[in-house]
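Presented below are the structures under discussion, each in the form of structure tokens.
Each of the two complexes below includes subunit A, the first together with subunit B, the second together with subunit C.
Entry: the complex of A and B
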């Protein structure tokens, strides 16, 4: 079916504002991705998959201005020993980064990786697989135009996490980053991400996990009020492999985090979780699509949103269990805590199941602070403010606890408490 | 040992009723026969002339004809929706009859005595009592009523007034006199257009607007008959009202229109049943039901939908595209939808409640069973607009064979719907590895004093339960039917007594051949 004219026009206008990086091994993948973008067209407000999040500012040719914001906080993950790689407005900053040397891990830059590269077989592949049954044109656009990113290949157990730090220095920066992560059989790696990245940020991370591989991902999105971000993770899991991802979001006028997970090997485990705290002009969208295509796999989605002053939280989560994917255990929970009357929570938790021997469930709730719990704490002599905070922390805890590493859990809890104390201040 | 026996017999005693009900039921689709009766058809196809013809056949006034024609114009501009998780060949809307009437109904019979005996026999065969005297309390007594399977528990016999619709026309409506004494208007919609134009004009299309959706618009243009109910202020309808829809003619679409108005402080319980003959070609059924619930009024709407589901290979069956909506306009109004969906090849149906009045309540209880190649995409919308509104959704989907069963629902809390409450529970059961069960709920919360809870599970028939039944001597099919009946219990309990029995049996029939 031909694309509607409005979509075609918007897509062409956006493409005209971009330059495709020339040459090198990714060229063929970029051209393929370009074909996908043109065939799908960029998202439009009337697309079902964008029912609750307006995509126009993510699609328009120029990035909307976003004021710089100095949060004055100590660096996120400051207490964690990691290999730091810094990107400023979407460009790798070698001077600010650590030397890219880590045992059992090879790290290259997308912008200058040698001509023959392992990532050639992977770049854009998982993104392309993730385009059906739901289209994700912004991710295809990313594959076609990403000018920078890291290519990480883990062959064994990495001694410390790789920390990707995104800095925002220009009010009109429009960054497109594409990372590729390959986890070999039995290898294990943790990737941390933090910072606001740019005025408008389009990021894709493809993670291919071989049999028995383990990948952990913990992300703290930057607190710049006016930034916009559309991110997508595409991952494919082999037999007995593990993927665990957690995201904390506070602030940001628009955030859309997509996570597309494909369980292709038996006994694989995928957990994806998110905690978000929104205040005022804040729109946060978690869109998850998990495909079970093997036996005895487990998937968990845990999303918690605390919203106030008219903030909007969106959750679209789907579990697809393909024919034959027996013994699937799928769990999904999305909850919102609305701290005042103006905030909104919009959810679409979906199940699509074609195998009979499965146990899949989802739950979704929305409501205010539990008056009874609040009364209990008040009766114990705790003031209303701290009592509300305590209940908020407890509410978010289920998501934070999805992080396996306790020191990272502590980091995240510290950030949640800081957010709450700023509110009271 | 004696103690154990005792226990066992109690256990068996409890379940015996269900087991018997399941056993009683013979062959697969019971209602697949056809009535050989001479019919009057309008020419095939759809155009303004057909719309005018339908209007003329119903003896409608000019304003109604205009209303239909306007709907037809809107329909031409609309596109067939494709978002539901159902897949069927393109419908040729020009290859259908839009009006079919038994020849004997050309001159409308004045009473049931004048109705063609063939028609009456059809309904008798379906188990629908049209002859009032058969179930008149005290006259024929509980015996006759019991034979009809319509006993209301103990001594008191429940009366049910029936409007029987055969293809495009209403055959007759029972208990007219008794209802009239109570002030209740219960008649076919064509009679209502003629006899109560002021009510029809005021309410028709006020809940489901003409251009609401593709099929509702089509219905607005070509609807032929259906039921009309008006319950005046403060009246508790003295009996249950029921409409029985029967499609008989081939290649004929049925487009019924039902309008129920419960005025202030009134109460009515309404039942709907449907069947169709077994045929190789698919047939279209696009109905619209509008319910208006005023202050303090309550409406219960129960459906047992048993249209021909198509054969084991998915040949034939009814395409059931239905728009049902209740507008709880007044404060403290209440509407309850209960549906048992076992028939139809394709179902596309979302009985909804608009909770406009403060403290109004909406409930939706549903069992949807799909077997063989059936597809169902069904659910509800609860739109909370007023303060302190409450809604409850309990949906049980059962999928077997090659069937696809989808729950699709919306719960929306508007900013002004303070202190509102929703609870949703939707469970799916899969029987066999080739079927699918899906859940697509939309949840929109726009204020913080409201609470919304949604739970959904998908699982298969529990092996332990099956094993238990098997070792008590049941064969596998019976055991599955029993377990499924247990799974549906929450919804079955919400049905009026006689419907619950019928539904329980239907559950068993619908699943026939799904095991092994």
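Entry: the complex of A and C
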């Protein structure tokens, strides 16, 4: 079916503003991805999966300007011993980064990887698999045009996390990063991500987890108020493997975080969670698609949003249980705490089940601060502001507790507390 | 605002003074309290008894500053300070404590975090130094032990999954940690078996001292066997209709409210 002219025009206009990196092993994958982009067309407001989030500023040829925001705070994950890799407006900054040496892990830069590389078999593969049944054209665009990124191969248990730090220094930067992570059988790795990255950020991370592998991901998206981001994680899990991802988002005029998970081996576990705090001109969209295609797998989606002063939150979460994926245990919850009448939360939970011996639950709620609880706290001498903060932190707790490492949980809670207390002045 | 530091409360001094208090429900335009007069002195335990709907719980809520009530007439002071104009947290810092009839469950907020925040918020409001983590831990462990509250319960979210008895003991633990000047106990005996009630009563009795006043609201005389009141008031239709000694509670226990109400009608 031919694309509508308007979509075709918008897609070509965007492609015209980009240069595809030339040569090397990724070239074939880039060209394939380019074909997908042209076939699908970039997202349009009338697309079903973009009904609640306007894609135009993510698609337009130039990135809308985004003012730099110096929060003056200590670096995120500053207290965590990690191997730091720094990107400035989407370009790897070697001088600011640690040496890419970590036992049981190989780390290469996408931009200068040699002609023969393990990532050749993976780059763009999981993204391409994730294009059905729902199209994700911005991710295909990413595969085609990503100019930088890291290729991480874990062959054993990594002694410390790899921390990807995204700095934003130009008000008009338009960054496209693509990471590939390969976790071997029995290997274990944690990847941290933090920072605003760019005025407009398109990021894809493909994570292939072999049997018995474990991958943890904790991300804090930067607080620059005007930044825009469209990110996607594509992961495939083997037998008895584990994938756990958590994202904290505070501020940002537009964020779309997609997570596409495919459970292909028996007894695998996938958790994806998010906590977001929005104030004013803030739009945050979590779009998740989990496919159960093996026996006895567990998936959890836990998303919590605190919204105030007209902030808007979106959740689209789907669990697809394929025929034969018996004993699936799927859980999905999305909740918003609306601190005023102007803020809005839109949720679209979906279940599609073709197996008859499964347990899938889903729930979605929107509510205000519990007045009874607030009075109880105040009656014990806690001022209204801190009492409201305490209840807000409590609201987010279920999502934050999805992070397995307690010190990372503390780190996240500290950021939440700081964000809330700044708003009390 | 805030209570003075250090000792200086003498026995017999007026702690709580309520004069001609009239209260309506904000939303329903319904009169609940119709002229309550009541004085609780430091060092004394006053009990308020009365049938359902007489206004006992409303009195406790109005004193602690809950939303939804409008004071149309009268006054209430704590150590001479008007409390009706204060926010709930200011009343707490001034020394008022309400042990809730139905303690609220707060998922996600740890009991310890909650109590430490509360203790330090009150100290701060009174211009005192905050309690250090070690000091707080030592204090709460000792208090919790007296009330047979184990470490596990302290770690759990506030009142979540607590039994009726555990919730009430948790109220008393808070009271012990916050060391208020005026303790209001709203039907603290409801939902408790005899053993649990005795434990709660022991906790309350341990806090009785000359600088502290108590207002114990209850339906039944039973609790008053364990927390012996100095004065008993009978409340009916929004007023204190009779005041007497502990024997008044026994009279209610034996004959019900009907006789007393008929007598004062």
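Here, the second predicted complex is superposed on the first by the 425 of 425 C-alpha atoms of A that agree within 3 Å, B and C clash if a C-alpha of one lies under 4 Å from a C-alpha of the other, contacts with A are read in each partner's own complex, and residues count from 1 in each chain.
Heads up, the rule we're going with is that contacts are C-beta pairs under 8 Å (C-beta built on N, C-alpha and C of every residue); 3 or more make two chains touch, one makes a residue touch a chain.
Just so you know, these numbers come straight off a predicted model, no measurement behind them.
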{"item": "Touching partner for A:128 - first (subunit B), second (subunit C), both, neither", "value": "neither"}
{"item": "Touched partner set for A:354, first subunit B, second subunit C, both or neither", "value": "first"}
{"item": "Touching partner for A:379 - first (subunit B), second (subunit C), both, neither", "value": "second"}
{"item": "First (subunit B), second (subunit C), both or neither touched by A:3", "value": "neither"}
{"item": "Which superposed partner A:346 touches (first subunit B, second subunit C, both, neither)", "value": "first"}
{"item": "Which superposed partner A:395 touches (first subunit B, second subunit C, both, neither)", "value": "second"}
{"item": "First (subunit B), second (subunit C), both or neither touched by A:365", "value": "first"}
{"item": "Most subunit A residues touched (candidates subunit B, subunit C)", "value": "B"}
{"item": "Contacts of A:68 with subunit B and subunit C, given as first, second, both or neither", "value": "neither"}
{"item": "Residues on subunit A lying within both footprints (that of subunit B and that of subunit C)", "value": "none"}
{"item": "Contact footprint of subunit A on subunit B as seen in their complex", "value": "83, 85, 415, 418, 428, 430-460"}
{"item": "Contacting residues of subunit A [partner subunit B, same complex]", "value": "48, 323-324, 326, 336, 338-368"}
{"item": "Subunit C contact footprint on subunit A (complex, rising order)", "value": "370-373, 375-384, 386-387, 390-391, 393-398"}
{"item": "Subunit C - residues contacting subunit A, complex", "value": "64-67, 87-89, 91-93, 97-98, 100, 103-109, 113-115, 117-119, 121-122, 125, 157-158, 174, 178"}
